[in-house]
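Both of the next two complexes hold chain A, though its partner changes from chain B to chain C.
Moving on, here comes the complex of A and B:
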């Protein structure tokens, strides 16, 4: 049996790629996040719709980390963003 | 400041009109602000400490009671400012021409003769002539190939105020109107800088409307503008628009972000504060990615361009990521 954790972009979040950052705004609450460096890169790649394994592979190359290290960083980033409300748990689990 | 919209209809159909979204969304029915609601609008100006009644539309002078509105505003010690296309019914034109010159000002929006035809420009010239120093022409740049030379002749023919108010067409949030893309700004800036001394030589100064940005011009061009006494600014200060239904919009291009009702107690600062809370976060960005690191933005010298154009850069990315799979033992 396996459990898939899913996250999705929170519905009110809009964003723009600026020089040196990704700027995220919650259009409903007016909250703002300025993501930089690895966070900005991760967000950009996520917004392109990559799968987890591809995302890890690309980030590992770009951040010059191992895939295991990258995976840990990514999980931590997603947990932070979930706590901030930028991403939401998609709420479903797969059993098999 | 606050603008009072008194008409939703217009006698022209300018392709860049920034009320496009608003007029698409507004319910059919009210073409004009009812006369008996005007006093409530003036009360709002009073409690907001605003001494100007800025009338716009659509074309405001088409309001059937326009002369009565002007008279009421003057009675309440307001200075009248009218944003018009110049195609005024006689009664409206007379009411403005008869108003005290120091309490009445008309910004007449004039398109290139090729856009509207000679009959329109003839009527605009007549209205400018009649209004004299009470009026000045405004010109909205909505395509890169524009020519301002005809306005110099028009000013000389009419003895209106020897200034040109330049606007740069900005997008509604839908982008359904014609507008200048920020990538074209530098080219526009060069042309304005080249025109400024020509205008100055004929005694005409330029004034900039909102939405111009500092990097449209080189330092040398800025000097040229200053030498010609051009009134330049790099600002986006939305002026509240009160519509014919008594709903307040932050600024017409932003109408899709919603409106607030003009209640009997609310004043302009409170409304502005509410709108700014909604849109303030977007102001951290600008019309270009480079605004994020621009010293002119950091110092507050340049706002980073039109807020509507900035918001149009933002997008929602509806990604979903399966990010961990844990196998049960």
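Moving on, here comes the complex of A and C:
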């Protein structure tokens, strides 16, 4: 499992689901993100507390990918989100 | 004239013809005249009687069982038969069927098969229901099914509706998800803390009230429909108006369904007894008035006079329910329950070793479509036959002689009659009729309600 795999949604982020998109707002900075398609799905499942391995399995079934392919896509997504600050490494506090 | 009924309501006769969408209160003399005119076919002349005869001479089509090609009307998923509660009346606790949990692959294959059927048939709408046990004990199956069905519906271009029957003890986060994603939540909620905790404890014996009350409040604020389903026993039947008041004061359900306890060996052991049907009917009606005053729809399903149906439940409606072991059934009750009655309600099975291929057995489809009120001779003369349709095919054992009504028939007949009088705005008559036990008994204990079967003493 990659480093990016052990993440959780940043606590300052509030979000809503809107016609297949996930609209995220950072309550402190006001920064916005609009996640589409697989990203929106990943965000919703992550916010429900799915562990990495379960997330890979679920996404593989939903996106019709192999688990290896899904894992690669997921690692890339989570690394981007960690850089953007919308997810934190599981051990990080809210203010890092 | 087989679908024209006559029921005495104190000193009047209720002429009820549900397939004509007609109800009228007339004198006994006029009812007999009406019967004779309809039987003879002679002209009825002008005036109100003539108008009534003309309306009742219109040809009507009886609701018919499904025929022809099998197209699933909805998909039911049973993620598990297991549950986190140990309700004192529930027969699921001891069943061996609770050991099975649906795999994600099976849920995927079931949803894909169903959505393929929707696409192939050109149906504009898809419908997926989750039952249990407690379906949220296997949240991943629900998440997968919801996301996959949403993606497939978007591809196909159909609308999609989700419904769940749940004990409502899920986490707060899951509750918000449910409010956002599922269209109808049927919450098993028996009432205030003392009732809920007595009837529906967790497996460790602790009360489930706090969790369900918190979640019922969250769901009340959501955009989805929330139905409360309260099980009523002999001990709680007198509290139905109080429970209705409390539900309305504390929450905002769209509907409240009161259901009498279905006795099981477990309810017997717990000392829980079904309510007296006369008391149930009286208290349901009192509770219904309270609910309606708060804008909440009261439901006693067998007495829903808006229904015109040949079967009361998913059985016979080409509704496909996938059990955790891949057996496709028409009924959401435990297989052991219907097998104990000598019934086979299997529609087919999913072959997990063949890429989830779904096999529907055409002979089983035909057999299950035969579970309908046309084949329930006991119900032939009952005014409520197209509403209640004989009730549950598994648990409602019908009498052998016409008029041999059991407790379920008694309460359904009283409540349906009340609903008809209420719809006619004859609430004052309904009230005096309900207080007059002899009159009520005359209404209930008719072996046949058919106008044609009424003799000169009507």
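By our rule, the second predicted complex is superposed on the first by the 85 of 96 C-alpha atoms of A that agree within 3 Å, B and C clash if a C-alpha of one lies under 4 Å from a C-alpha of the other, contacts with A are read in each partner's own complex, and residues count from 1 in each chain.
Here is the rule we use: a contact is a pair of C-beta atoms (placed from the backbone, for glycine too) under 8 Å apart; a residue touches a chain by one contact, two chains touch by 3 or more.
Everything numeric in this text was worked out from a predicted model, so none of it was measured.
The superposed arrangement places chain B and chain C next to each other on chain A without a clash. Shared-chain residue A:17: touches chain B and chain C both.
Greater residue coverage of chain A by touch, when chain B is weighed against chain C, goes to B. Contact with neither chain B nor chain C is seen for A:72 once the two complexes are overlaid on the shared chain. In the superposition on chain A, no contact is made by A:84 with either chain B or chain C.
In the overlay built on the shared chain, the residue A:32 is in contact with chain B alone; chain C does not reach it. Of the two partner chains placed by superposition, only chain B is touched by A:46; chain C is not.
Once the two complexes are laid over each other on the shared chain, residue contacts for A:58 go to chain C alone; chain B is not touched. In this overlay, which is a superposition and not a single complex, chain B and chain C have their closest Cα atoms 5 Å apart.
Of the residues of chain A, those at positions 17, 20, 47-49 touch chain B in one of the two structures and chain C in the other.
Of all residues in chain A, only 1-9, 11, 13-21, 23, 25-26, 30-32, 34, 46-49, 51-52, 55, 74-75, 78, 90 touch chain B in the complex they form. Contact residues on chain A toward chain C in their complex (touch as defined above): 17, 20, 41, 44-45, 47-50, 54, 57-58, 61-62. On chain B, the positions that touch chain A within their shared complex are 277-282, 284-285, 289-293, 313-328.
Against chain A, the residues of chain C that register as touching in their complex are 104-105, 108, 139-140, 143-144, 147-148, 150-151, 154, 173-174, 177, 180-181.
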